[in-house]
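Chains: A, B and C, in written order; residue numbering restarts at 1 for each.
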């Protein structure tokens, strides 16, 4: 059983955060909220997302799994303004999600969740933690995209650094620790990542909202942030690229 | 003879209403206004449009026919802002339309109207009449486009309904009669239509402007609306699609 | 040696003015400003541009030549808002330009200027001079693009005229001398030009800013304007097209 009312922007945020990694998602709908965890087809990245009942105008649920085509749901969300309140209802008899937007009723067929895995979060040694504005990171990413397809993320005792190198060009975003919102770096950490993946993970975070990076040495990065007025929480894990030199 | 001054937005509206059905139009310019009636090349739809002299800042005309390339005229309108007042003048000696926008004079060669027909409006039995906001209809159309290429329009004693069905999905826009601006439905009427055609006919109607639908059973729909502050009037006829089941 | 601080919009303007003619530019950086002169690969047009030290927030330079990939520099400028102040510094040891935008450091490899020529400005007989708003010209250009690939620019004792002719259509922009900001026409002058080239030369001039045209008979046009609050100055020379009749 699932029946809820929610602002369209909450569902839009969920889609923005996940749809660059996966086309189909299994939503675990429970009394205490909606949960989604998935690994992308190339097994390079994981996304984990949860939305509390407090993000909804109205929320009633018992444990069910809902298999959603994210592109299709994204298309439906374009029918609503961000602040429109939608009604969502799971129709068990037909296995459809019934979405009500004003006078419009849109029934969406759901996917079979039987084959969709429940990935485990791996244990990782990520000693460094830095929190900064997403917009700062985004500027470094955009600058790097033009000259390379990978970037180095570096945490030192002095601060955080993003570095990219092309044939004739370099990009260096340097944030001394006093410009960071949080900073815990017991040792120098450096790992390389695909710009494409990393860019898609920072894009869903609006403007100057904070994002926390957990870094190790040649280890994945964990990218953590809140959304939906802190009623939603998400993190990504992104595997490193191995430096070839 | 034809000489007039008019806000660019009036001519832009005329082009928006007609150019999705036809590339070339015959304008019947008369003392009492400008008249256009045409059938699309596939013979699926008819458009009928008239603009009263009161829509113009200045209007003087005697009976002539003007053959216009609508794309070309649309391109010329892009040179003007909506509220710019244009001068229009038919130059008989060269068979050109002289369009003055500020200090710019644009002479447009006209088309031979000899081969362009004057279609008759067929007699139709369309007992149901409903008037609603174009924006309501548009939301139903957009939702339907994603899952099907045709929609059903249904009028019952309770109200108006738009319905579309895909492989796994449905769209249902339901407007009870108290949400309609006009409502005269002596019997249940239902017909199927191409979404593409129907969508292009609702698009030119701005925002929450009213549009009136006349419906029958497996019969064309008549779509009627005003524009240019009620100094312009238009209707479409759209042939039904036959339900295959 | 070159070290400067400047609003991004000044560098963006430099790129807008030059990059439609050339991909690579040699900047002559001197104590009294930055100078660029180049001929396009087809030898149809010349651009000459100078920016005074007063355009900069801070400017220190000794004579050097800097070879710049304009597309690459344009991409870097997209990382900054128009009003952002950038630091520019020539790094001699690596032959790179170091561009600082906030916390971001972008080092751009420079091009070898050895093969880049220093074209001379030819002596031209251009007796007519008219100054008008760029936006007026632009409207005439846009109207003409739809019907021809060349335009005539005409100065007479009565004013300035732009004329284009298609198979069935004409465009005529007529500005009587009292609508012109400057007007010195000792004799009738008329030359034909490529609309593409001419359009790209007027586009970088913002809105209703003045532009001065120097015209002769079947001779190049000189197109002169200021930018960067009159701290920048530029002119184009554009070769005429010979009328074929």
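Simple rule for what comes next: a contact is a pair of C-beta atoms (placed from the backbone, for glycine too) under 8 Å apart; a residue touches a chain by one contact, two chains touch by 3 or more.
All values reported here derive from a predicted model rather than from experimental measurement.
*Asks:* Between chain B and chain C, how many degrees of rotation does a Cα superposition need? Round to steps of 5.
*Replies:* 120
*Asks:* Taking all residue numbers used at the chain A/chain C interface, answer same if over half belong to both copies and different if under half do.
*Replies:* Because under half of the interface numbers appear in both copies, chain C and chain A meet with different residues.
*Asks:* Please work out the Cα centroid separation of chain A and chain C, and write it as a whole number of Å.
*Replies:* Distance between chain centres: 45 Å.
*Asks:* When you check chain A against every other chain, which residues touch at least two of them?
*Replies:* In chain A, no residue touches two or more other chains.
*Asks:* With touch defined as at the start, can you tell me which chain A residues reach chain B in the complex?
*Replies:* Counting only chain A, the residues touching chain B are 72, 75-76, 78-79, 96, 101-109.
*Asks:* Name, in rising order, each residue of chain A that touches chain C in their complex.
*Replies:* Listed in rising order, the residues are 136, 139-140, 142-143, 146, 167-175, 179.
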